[in-house]
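When the chains are written out, they are named A, B and C in that same order, and each has its own residue count from 1.
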Amino acid sequence: MRAVIPVWIGVGVAALAYPFLADPYWLTVGILAIFYAIVTASWTLLVGYAGQFSFGHVAFVALGAYASALLVKDGGWPIPLAALAAVAVCLVVGAGIGGICLRMRGPYLAIFTLAFSEVLRIVITTENEVTGGSGGLQAATLFHGRSDIPYYLVALGLLVFSLAAMGLMVRSRWGLFFRAIRENEQAAAASGVRVVRFRVLVFAIASSFAGLAGAFYAHYIGMLTPDIGSVDQMGLVVAMAVIGGSESLPAAVLGAIAVEVLVEALRAYGQWRLVLFGALLLLTMRFARNGLLTLGWEQLRRALPRRVAVR
Amino acid sequence: MTALIEAAGLTRRFGGIVAVNALDLVIEPGELVGLIGPNGSGKTTTINMLTGHLAPSAGHVHLRGHRADGMAADRFATRGVGRTFQITQLFGRMTVMENMLVPGLARPGSTRADATPAAWRHLEFLNLAGLAGLPARSLSGGQQKLLELGRALMLEPAILFLDEPFAGVNPVLRDEIIVMVQALHAGGRTFVVVDHDLEAIQRLVGRLVVMSRGTKIADGTVAEVREDPAVVHAYTGDA
Amino acid sequence: MTSYLLVQAVNGLVIGIIYALIASGLTVIFSILKIVNFAHGEIYMLGGYFGYFVITLLAIPPLPAVLVAMALAFAVSVLLERSLLSPLFDPRTERKGDYGILVTFGISILLRNLAIIVFGPFPLRPPSFWPGTLVVGELILSWDRVFAAATGIVILIALLMFLARSAWGQALNAVSQSRESAAIVGINDRLAYTLAFALGGALAGGAGALVGPIYALSPSMGLVPDTQAFAIVVLGGMGSVGGAIIAALLLGVSESMFVALFPDPTRGLSYAQAFSLVVLMAVLLIRPTGLYGRAHAAME
């Protein structure tokens, strides 16, 4: 870890300098990349570390976004308070989902969470008097200046907070318990790990971070449609996690940033981009299962002289 | 003296099959009990019920005098009931040390500062200390069995259920395991050992419980049980 | 009012037969490859487009067109299985269940977006197989629906007979129970995997081709039937084709009744999509092994 500290400092400096150097278009891309990074990292915590295969993660992004937007619009709440409340809603609902899914494993859990996500999307679309339906919902924006730099800094702050919190969790005994549950739930129980509690907990935590990202998104973009909770969005997050490396938080973040940048860079190709990501996802799964970035990191480690090797 | 674990009228049905039928069993602290019987006699199902991995269809389980049936497996574990499985259940992609730390840190009130040295101690006892940094699934079959035992020991269990510890184990390792269990037993732990290796069981245990078709048919010293006609019949009679 | 309900119920049966085709395909794939195919709806969608193009470009009559669409779906599935799903057969692959989920999810994204590019994002209305309607007393049914139902029933019967009587059908059954044992007695299990995936795809493709004139085609038409198929497969017991068929008919009829009886008609239609999803969630909560299921062993 020690040899890598200069790298982290470099990354930090670059991240802070970025908004002042980038043009407005790429600044927006950077902000969206950070948004996806938070969503992807929290999905990785849930699926990669704890092994809880959820395809409903973006439902919490949508829930957080709409809850926060509606509390501000219809309830007159100040944005930070509304966002906090939205996160709390996602925490409770996430815990609820984790709790009712306790007997489900693998594909059943995936199907259930996918169904939940679709039902939520349908409800949001149908109840258009409240939510604006497919026509969209206008949300109050956090800042009113012309530059997006404040948004970037807020997003960066949220990302650092999220990664720090999730990183701490992963290194602590909770991280051990999550991984134990993923590896072998029966052995985990026989080892005294409170499986029920931790499954509910990881769902609650991951969903809260997704909701946080969603609330930020709402008050940044200012316009919400039910599509933020669609299956294709979930697919994008999955692609980001898999391409980056689905069992490592930093890899997930990098995967998200890389894919989002690619999405924008290839904007001219329109629909082909999603085809590309689908293909990239498939090729990565087929030939580099731990993720392309993880693969690249491994190659890099092997290429470097021994002394610098990490851990 | 309160029994350590007590089963009263313990029954378990699967669909139409009665796997365990009204079993009464009392294990006192400090015992070394063998649980044997032909295949399908309900031994593993009984252990599952006594360790919280299966809820009984009827009957009670008492742990140190308190009702425990229906309690989750992890609560049995943190209350001092350790077990190993017929098919070794490890955290394959986690290291040997991590496998030990999971139960070590799951114990209420434990810290890394005490769990880590305890893990080393147990790994040394099991001759696995040199493998601490390796992923558990890279260990040989015998080493994996020992690791599973080590994991159970991290719970500081008062009682340990070993489900077929000698299955598929070479004679050298088998003798090592017998010596280890004897040492642990001498140190004050209670054991219930299920196995088909009758020779190993007889060398190890003082008391033998025999099950057949879900019912307890004999319960006594090795000598008594060996002569029991019901036992002989169960093993040699109708399949 | 009763005639309206009767018509709705019969429509529900027709759609139930379509669901049964989709769901039995999913069941076959699940019982042999042991994975949930998240791309199943997209093969269904491709079948719909294949049928449409075969009819408009080659001017083939409806029934052969459906069969050609099924054959094309079969071929696409073989291609996908051989190129992307071969790790499922390899003992060195870890966590096959996870792999199956992620890869088929990826395939669904790929196919759906490819379809948007190739076919355009807007719905396409294929011409009727047979214009006009059948009127029997109070019952009014378009000929397209009659054709779809009749063809669907024939395909299902053929499937059941294939699985029960033919050599390969029994081979598939053997592999679904124990791949190792099947291989020992000389069954080519690798081929069985491909056959199962392709057969499942053909069934989904056939359903898509039949449904075109009734419900229109669009690249995302596979999403909802996909989750409906999951609902059915879980309801019917993952691994039981007969159970899937019965569950499919039940779901089709009850969904139709739900729409017919829902107080607010505009909302009703929108929530119809959610109906099968809610049923799915409820069944998974109560009995993850379904109503008829063999107690299904955990994936690897």
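Simple rule for what comes next: a residue touches a chain if its C-beta (ideal position, glycine included) is under 8 Å from a C-beta of that chain, and two chains touch if they have at least 3 such contacts.
Fair warning: this is a prediction, and the values are worked out from it, not measured in the lab.
> Could you quickly compare A-B and A-C and let me know which has more C-beta contacts?
A-C
> Just to be sure I understand: the centre of a chain is the mean of its C-alpha atoms, right? Then which chain's centre is nearest the mean of all of them?
A
> Find the geometric centre of each of chain B and chain C from their Cα atoms only, then give the gap between the two centres in Å, rounded to an integer.
The mean C-alpha positions of chain B and chain C differ by 47 Å.
> Just give me the whole-number Å value for how far the CA centre of chain A lies from that of chain B.
So the centroids are 42 Å from each other.
> Nearest whole angstrom, what separates the Cα centre of chain A from the Cα centre of chain C?
32
> What part of chain A is in contact with chain B in the complex they form?
173, 176-177, 179-180, 183-184, 186-196
> If we count contacts the way the header does, which residues on chain A are in touch with chain C in the complex?
53, 55, 100, 103-108, 110-112, 114-116, 118-119, 122-123, 125-126, 231-232, 235, 238-239, 242, 271-272, 274-275, 277-279, 281-282, 285-286, 289
> Mind pulling up the chain C residues that touch chain A in the complex?
Chain C residues touching chain A: 35-36, 38, 83-84, 87, 97-103, 105-114, 116-117, 223-224, 227, 230-231, 234, 267, 270-271, 273-274, 277-278, 280-281, 284-285, 288, 298-299.
> Can you list the residues on chain B that touch chain A in the complex?
51-53, 72-75, 77-78, 82-83, 85, 89-94, 98, 101-103, 105-107, 112, 151-152, 154-155
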